[in-house]
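Structures incoming, each one as structure tokens.
First chain A sits with chain B, and in the next complex the same chain sits with chain C.
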Partner chain A sequence: MADAALFVTDLALGLLLGCVFAVIAHGLNLIWGVAKVVNVAHGEFIMLGAYGAYFFNVWFGFNPLLSVPIDAAIGLGVGVIFYFFFLFRELRGKESMGPQSEMVTLVATFGLALVLINLAQALWTGNNVGIPWSPGVVQIGSVQLPLGGLYVAITSVAIIGLSHVFLSKTYLGNAIRAYSQDIPATQLVGINPTSTAAIGTALGFCITMAGGALLTVWLPTGIYPAMGNLYAPISFVIVVLGGPGKMWGSLVGGLTLGVIIDVGQLFVGGSIALATAIGFLILIPVLLFRPEGILR
Partner chain B sequence: MTRVLEVSDVHKYFGGVRAVQGVSLTVREGQVVGLIGPNGSGKSTLLNLIAGVEKPTKGAITLDGQRIDRWPAHRIVGQGIAKTHQIPKPFLAMTCRENVAVAVMFGNHKQRQSAKAFDEAGRVLALVGLERKADMMSSNLTVQERKRLEFARVLGTGARILLLDEIFAGLSPEELRAAIALFTKLQRETGFGAVVVEHVMRAVLTLSERVVVIEEGMKIAEGTANEVVEDPAVIEAYLGVEAARATP
Partner chain C sequence: MKLPAFRSFGATLWGIGLFLVVLGGTAPWIPAFLLTVLIQLLIFATLAYSMNLITGLTGYVSFGHVVFMAFGGYALAFGVGTLNLHPVAGVAFGAVVGLALALGIGLVTLRFRGVYFAIATLVVAVAALYIVLEIKELGDGQGIYLSLRFEPLSWFYTIWVILAIEVVLTYWITHGRIGYGIRSIKSDEDAAKTVGINAARVKLFLFALSGLFAGGAGGVYYWTLSGVFPYQAFDLIFSLQMLAMIVIGGMGTLLGPLIGAVAVYIPSYIFLTVLSGFQFIIIGIVVIVIALFVPEGIVGSLRKYIPELRGVLE
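And now, the complex of A and B:
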């Protein structure tokens, strides 16, 4: 009986955590879909989002939720800069990214990742920090859930839902979707490809950095310069699980991975590292049997 | 004001290949100009030059007297000149309605309110007979349906001058008859101008008020359909010197 309660608790925690994972993966998915670039520095932008939330807490006493819109706004700016520095010259006037441009952007973003990690280490030391924020717990039946995690999960789903509405209901969103499918065709319906790609990339960074802020709620002492090394692979796995380019794929993939990690702990003696490894192992059968992702 | 598109003495070289060598033509809103010529004569290149997909090496393209030949393609669409692809390029992960709606949102109309754009897209799809497929993914369309969607997208931009690259190719005789009738009807109703590049001679000769013939990137004839088909230079270009001599 106790085991069953534990299982339900971990399942619920996994779902809450999965929502946040979904956001950071959603950011990656957007950048991947729009810019056709696998952003190797993805984890470092999550790290920057997390540090953003940390410093807003230290300076202004903001809780992570309050930092989300600020991080998101910074992310928009960072995304535009990233686009014009790293992608514009490779994508300009091209119908798609050739192998050479892919190589260039891959190496460039890898370099960027190293620069960002080392810069963060130099500026903020390699020590772990965290945001002390615990708004309490809520008792639902036999399950106790942290309110912080609950708020963050709701925010996460809202962010993904809003981005979905933006992409399908607004003219800019439709342009971004069109651009991600066929670049030359977008020009012939009158869409400016450069500004569209810049906005789409910016949106991806906006969501990624907001995700970094949300994640801090789950990391009482887990903010450090190299934290991206864990969360970038998690994002990649989720994108592949859910299906690259699918709008709800990130949410489905995120929830799946969150549950696997939290429930998986129960079976491997409470080791999060092992449970995460199990989450990554799941990728192999998915790639073998459903390479297009869980979603149809 | 009716818009006038003028192409004057335009050249396009790809390295040593002279794809277009000094072609001039004029199209007004409401007027259909046929553009014919043997394979590789530079017809599609000329359309790409007008649409801004390629930039001319030499010469000028103007819309109502304003130079547009250095403009990016999307800006030209925004001024009411839109082109179909020879091979249809729908946005495959979008429904037909969304495909046309983005054109309505960004082309000449710039209808930024998506609800209105989706309504307008539905209306345009009905014009080309795709209303029943409006909410189907465009990837599920047949080749001919994709061509109609491509045409709907151009109409959706609200273009006043259409550049149509082989939209009648590959149709059966009945389909061709229906397509020509539809095109004529739409052209009369909306009063757009068009440059029609076509291999299907019947389509060009029926639709076009004027026909321009190019060969090896140069204009060899221009006139009404009847004048052009009797021009010895044209017969020679299409059928060879012998045939041209044999024609009385």
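And now, the complex of A and C:
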């Protein structure tokens, strides 16, 4: 068993990492809540967000935090296009998504994932790239934390908090939440289901791509076309851990997974691979015993 | 279960049977380079039929089939490299490992429906890679290199036999008594349960069979490659190719997976020599378009729009 200082450091790092995981999962959570179906190409939009931050750094010298709002704006547009291309036909005039539509969307977005990965590979080669940005470290007691990770964690919590305020305090946000709960009732009170769902999906993509930009701070050389294959399952696990459709669920799930991966490796002989596998497989018992997520 | 009489076998089964017999009969005279293409085609057809057993017949989208294929390959590599088995015995070992894994994974994940099943299988596939990376006996993350001989005819007849068994089994399952149960599960699982169908057992049976054949096909695939390497073996692109084949060919049909395998594999083989990487962009676009606009696939649409074909194609 490792000593206490190492444990505290890993716990803190896990919490910081968990915050950024929470943001990328939060985007998925919103789309899931609105459309009741998983976007299998989620990881590829994280990849696009990360590449966005990379190119803004190469072209204009922006650091990843400055790229966040730009990526988010692009994400809004992408989300609207995605909604009308992939979800509109399946959701139009229906009270909920049937098994057939669910399968169609799963398969179609999986096809989209394939297109995006290989397009990125063709355009930007398969080589790993990264953003050289490290604002130093901060010493808290005996624990050394990367300052960049700390900024990212603060931004992440702010993004999730803002989306929470938007969804609970504004008319549009309430409409989106109503839509995710009961589509016919939403129409009865005079809310346009199509534009509400489109805005909800767009918001999800906005947060996803912003999360991709934030993630680059943690990945000094880890931006590559197939990176979504790792971060999409992470997002799925987090959303299920926190409970789909629960606004604070992504944060709780993200922190849990971050801590499991970072602290878990102390218990399995320092192997990140095994700790990651455990982090993923934790999904199965959660689905079996608490399908509504760890939050009540 | 009583087998239907030979005469009632239907044109599709006869057609596939004729195709396989002609292929099998002429194999010794086919030039080696063409034979290797055919072998890959049959491997992918076997994988497509395996995916068809669970996703096509019950509507449960599995993203985790690559696990059975990869472990089939690892079982072959372990059996041949460490236990000194003959490669054909290694393939059989791979199939058994696939079956055992499918039973284990299916027992847990088949409780979830729709999106949750898809996510659970995806997560299992990703976790399996990270676990294999840490196992010393399986190459310790470096993969296993075998120095097997180049013997296209043995590869060909092994996968030929596996595919033939699989097609007959698919026919037998869909036309037997259990076929009614499977169709009712696909349309409405809750209703199926209320009329006394043991949905859990039927699904597990299909998933296990599907794991068996995916494991066997994986064994042959890595036999032809003479080695298995973790990052390539667990690449989710294999799951996607299987899904793409049955989506394009027609889900849950008898002929669909074969047509899909031809439609996906042959263009990707041609593109591979011209523009590598682009084949997946095109396959992806085709999958999106077919899934969104013609979800019945090639065989399903033919049946839908040309009523005369309904008695012939299945």
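Quick note on the criterion: the second predicted complex is superposed on the first by the 294 of 296 C-alpha atoms of A that agree within 3 Å, B and C clash if a C-alpha of one lies under 4 Å from a C-alpha of the other, contacts with A are read in each partner's own complex, and residues count from 1 in each chain.
In this text, a residue touches a chain if its C-beta (ideal position, glycine included) is under 8 Å from a C-beta of that chain, and two chains touch if they have at least 3 such contacts.
Everything quoted here is computed from the prediction, not taken from an experiment.
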Item to complete: Check whether A:G245 is in contact with chain B, with chain C, with both or with neither, and answer first, second, both or neither.
Response: first
Discussion item. With both complexes superposed on chain A, which partner does A:N192 reach: first (chain B), second (chain C), both or neither?
Written reply: first
Discussion item. Taking the superposition on A as described, I'd like to know which of chain B and chain C A:V143 touches: first, second, both or neither.
Written reply: neither
Discussion item. Tell me the contact category for A:D182 with respect to chain B and chain C: first, second, both or neither.
Written reply: first
Worksheet item: Taking the superposition as given, does A:N174 touch the first partner, chain B, the second, chain C, both, or neither?
Response: first
Worksheet item: Looking at chain A, does chain B or chain C touch a larger number of its residues?
Response: C
Worksheet item: First (chain B), second (chain C), both or neither: which does A:L112 touch?
Response: second
Discussion item. Between chain B and chain C, whom does A:V104 touch in the aligned arrangement: first, second, both, or neither?
Written reply: second
Fill in: Complex contacts: residues of chain A adjacent to chain C
36-38, 40, 86, 89, 99-100, 102-104, 106-108, 110-115, 117-119, 121-122, 229-230, 232-233, 236-237, 240, 271, 273-274, 276-277, 280-281, 283-284, 287-288, 291
Worksheet, complete the sentence: Contacts from chain A onto chain B in the complex sit at residues 169-171, 174-175, 177-178, 181-182, 184-193, 245
Worksheet entry | List of chain C residues in touch with chain A within their complex | 59, 61, 63, 108-109, 111-116, 118-120, 122-124, 126-128, 130-131, 133-134, 141, 236-237, 240, 243-244, 247, 277-278, 280-281, 283-288, 291-292, 295
Item to complete: Would you tell me which residues of chain B are touching chain A in their complex?
Response: 51-53, 72-75, 77-78, 82-83, 85, 89-94, 98, 101-103, 105-108, 110, 112, 114, 117, 153, 156-157
